[in-house]
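Both complexes below contain chain A, partnered by chain B and then by chain C.
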Partner chain A sequence: MTTGEQFSQAGELVCPAGTPAALRTAVDAGADSVYCGFRNATNARNFPGLNFTPEELEASVAYAHARGAKVLLALNTYPPAGHEALWRDAAEVAARVGVDACIVADMGVARHIATTHPDLRLHLSVQAAASSPEAIRYYCENFGVKRVVLPRILTIPEIRAIKQEIPCEIETFIFGNHGLMVEGRCSLTNWMTGESTNMDGVCSPAAKVTYEEDANGALRSCLGGFTIDSFAKGETAGYPTICKGRYTAPHRPEGYYAFEEPVSLNLSRLLPDLMAAGVHAFKIEGRQRSKSYVRKVVGAFREAVDTVRAGAEPDLADLIALTEGQKETQGAFQTKKWR
Partner chain B sequence: MTDASPHPAPPRWPALPGGPLRAALQPVLSRVVNRIARRHPEMFARIAPYQQADFIVLAREMPFALHLRPDPDAPVFRAIPRDPLPPHDARIEGPFMLLLRLVDGEDDGDAAFFSRDLTISGNTEAVVSLRNALDDVDGSIAQDTANLFGPPGRMVLNALRRRAAA
Partner chain C sequence: MELTLGPLAYHWTPEKRRDFYARIADEAPVSTVYLGEVICSKRAPFFERELPQVIDRLERAGKRVVLSSLAEVMLKRERQATSDLMDSEGPEVEVNNAAGLMARGGRAHRIGPFLNAYSVATIDWMAGQGATHVCLPPEMPGAAVGVAAEAARDLGLGVEVQAFGRAPLAVSARCYHARAHGRTKDNCQFVCEEDSDGMPLATRDEQPILRVNGIQTQSESYIELLAELPVMRDMGITHARLLPQDVDMVAVARIFDDVMQGRSSVEEGRSRLGELCVGTGFSNGFWYGEAGYRHIARRADAA
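Up next is the complex of A and B:
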């Protein structure tokens, strides 16, 4: 890769924006780039009241570019057969309004953009779950992918080894939701609600979520009529996602987290190691979160990254209050035995 | 639509007579919601499927509840008795200052939910839509509202913020 093909300085901070106001907040808080999506099934956070119209995206790109920040558009769901036009139209708008890259997962979407909008930079979404040099090289060679967002199942030594063998930049998540169901290609919601994370962009669609608090203050969260967790009075809660539900089984009648706990990833202490391993960009998860979350998390990581770049020890902000279940983990980045 | 059910208020402000207080607040609340609707028309697009939904907002310290219907043509924001609540689509409950900070984009709703400071019930999608619509509003709705009432309004808001910070 030549210097001219570099997208930005290593240590790029990639930040979430669910609304135009959140995008402006992220840019003002020091984001190098902001990722967002349209108000439809083309992105994996297709939540009610969230996301951008084409007009809002155009204005947001102008806002970001005027301040030296880039805008990445998430087109990271999989078009159902016969519905590809929605994704093609989204790519057309992306090219027209000047987004800096599209984050894609589906090979058909990647191919369409590579052939129809060859100047539009492609990043490979974590939704593609490409975790080996061979898989990543395939996307680079066939679709011109310039960056891969690595699944959160790799240790830092594994990331370092992969970096030696691929011709593109690496982006890793550093903070936020820690859902690992084959890294995004999760079908649990689909089984329970008939709606798909992968094709409709909805994980635990809000219309199917209910909360009930009983007289003792215990909170029951349900999805599609099924109870997926119950939190005692005062116990911290998590998202109503099946992968973080607590279930009973004959051998665990007390109830246990069968897949993953309500917990957030926080790799702030590993920033120097990740940079040394060749990670180019750090992604903060949370397009479904508020401006307040964006302001606090982006501001904290901006300071930490700049401190590490300057060769000093970062003074890390306490972000535990913003984490799911108010618990955090370094997940597989630290050890394969994180569970 | 959920059933109406009694939700007794914590007796934080027992000396305030609910009925006269609600009556006194009514014109204020009407001005507030009409001003927000006028100044932030873009937020209604985000809440489009739920513009006719009835939200009940319960600040735990208040002797009354608030009823919100975010209809851009005829917005409703009024104080109502807490017991019994009228039929509604969704209920949002939390400490007053938390609710104020959420409206102003100063706190994160998910974090407040994780910590159990905020509880919601009824139509979750309606609540999520309302939350996202409010979060896309630039600036402070609370400050905007305080400015509507001039120096006395700003004084009350500052006092509330000092109380919350104490």
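Up next is the complex of A and C:
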């Protein structure tokens, strides 16, 4: 199959930008492309203090383009009936300011852009949860999608096999938060807080987080009034993300990480294998992260990708210090036992 | 508005399943029964053995049967199962993954709740691709459901909303039943069979909160939209879905039918439901656009 029009060189480094300053930092640190979103429900990182106004996006696109970098706009939430105008307006701005692609999940949004802005390139968000060649082809054939962001659930041989059967580029996550639930199919946050990941772009929102200390100095981290984890005195308290909390089951009265421990995904050692499997673009997660984090991670991966391209072994020892709880995993990518 | 019985999410023994559907066939006031393994492809062979007999039993009792497809499609056997189901000439199919839409290729089908039909534009697209009926995502607030239902009606689609049962909150590639028992998905030994209504998870201060069902995470409490039934009917919702839980589902269906037909008040229905589901709470927060776990008294301004 053909791979569609070439958008960039293979090994594209796709970097996060929660703010215009982070975008400039990422571009300066060597990002090939930067992804960001508007300051509203149209993207899956709708956090206070983050994201872009239309004016900021326009200026950021100009900054990136002047330095040879691309800007990808995440429009990857699901508009609830009656509220579609917000997503249509976002697509309008994206087309006007000249973003290089929109990252979409909802079929209605994809169809709207494909028909109204046919020159605007579409990438399929991980929020669409397309994890088989058939699902990916559905979006390619119906909406002209040129790239799929694969869920973090596939081994490298599985990715290689998918590549043989789809007519588009593949983007995979290589570093950052390790999502556990199938993206775009998770209502845990809405169940506990009334804010929806799919419709509002919110996951375990900070405004609903509280920490409570008891008389013995033990700390509980809570979300929407529910205790997501508890920590002995002196133990480092983690952020109460629902799928990384500790719970009890009838045969696990001591409490355990029912879904996943707080670890980060770090696939730096697998870069050569991923490139050989046909992965076109590598995505660094973390639009909520600081400029200094973005500078360090993007810089390290820029060097690594260039080293791999030159046929040498990359040195990535520093990246472990930036992982969550200083613990890292290669998740599903290396072994099926992870499942 | 008619009642339907959604697909069974749990790994019940063949005997239990056979008896369950026999009673549903004979006694439950539901018009449509959805069958098939939606959660875990490893369990599917157990169900498939029973399927022809169960379909026959239900159809002879006058029920419409719909076969639901897997929510998560990744492995070869999952792709094959989805493709085989979409090619079958038997009962109607409900599609729960875009892989199924691809395989169905424009032939008539229903849209399942895992396919994220939130917006009018999406429902319009799906109708143009052969959808005849759409089950809306359970987290959609009533106000948006009303707008979606109107669009669906204009397009000639049936539209369905979950009115009873644990909220399906998440699916994953990883099996949390296996993980809880120190196993992996490939070596699970079907330990999920031990929990016929899901495995309870509680917070460390002992508040029951979630249920694990293999790769799926569900709510601890049951969604219960008895008070909202008249509003749902006025919106043009054609079907209210009851999800099978390990309680007397014939009695549950009768309670919903009695309230719908005006033979019981909402208060009476709730009281009977509470007696049937001892130890389990009820929720309707999603409908009111609030935290899903909440149970909110009927409000005139809702939807």
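Methods note: the second predicted complex is superposed on the first by the 317 of 339 C-alpha atoms of A that agree within 3 Å, B and C clash if a C-alpha of one lies under 4 Å from a C-alpha of the other, contacts with A are read in each partner's own complex, and residues count from 1 in each chain.
Heads up, the rule we're going with is that a contact is a pair of C-beta atoms (placed from the backbone, for glycine too) under 8 Å apart; a residue touches a chain by one contact, two chains touch by 3 or more.
Computed from a predicted model, the values in this text were never measured in an experiment.
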{"item": "First (chain B), second (chain C), both or neither touched by A:Pro48", "value": "first"}
{"item": "Partner contacting more residues of chain A (chain B vs chain C)", "value": "C"}
{"item": "Touching partner for A:Glu235 - first (chain B), second (chain C), both, neither", "value": "first"}
{"item": "Partner chain in contact with A:Leu219 - chain B first, chain C second, else both or neither", "value": "first"}
{"item": "Which superposed partner A:Ala206 touches (first chain B, second chain C, both, neither)", "value": "first"}
{"item": "Partner chain(s) touched by A:Thr193 [first = chain B, second = chain C, both, neither]", "value": "second"}
{"item": "Partner chain in contact with A:Tyr293 - chain B first, chain C second, else both or neither", "value": "first"}
{"item": "Set intersection of chain A contacts, chain C complex versus chain B complex", "value": "none"}
{"item": "Chain A - residues contacting chain B, complex", "value": "18-22, 24, 47-50, 205-207, 209-213, 219, 231, 233-239, 262, 288-293, 296, 321-326"}
{"item": "Residues on chain B engaged by chain A in the complex (per definition of touch)", "value": "46-47, 49, 101-102, 105-111, 113-116, 119-121, 123-125, 127-133, 135-138"}
{"item": "Partner chain C, residues of chain A touching it in the complex", "value": "78-84, 87, 105-109, 111-112, 128-135, 137-139, 141-142, 151, 153-154, 158, 180-182, 184-188, 190-194, 196, 198-199, 220, 224, 226-230, 243, 246-252, 255-256, 258-260, 332, 336-339"}
{"item": "Chain A contact footprint on chain C (complex, rising order)", "value": "71-74, 78-79, 82-83, 97-99, 101-103, 114, 116, 118-126, 129, 137-141, 143-145, 147-148, 151, 167-176, 179-181, 184-186, 199-207, 209-210, 212, 217, 219, 285-286, 289-294"}
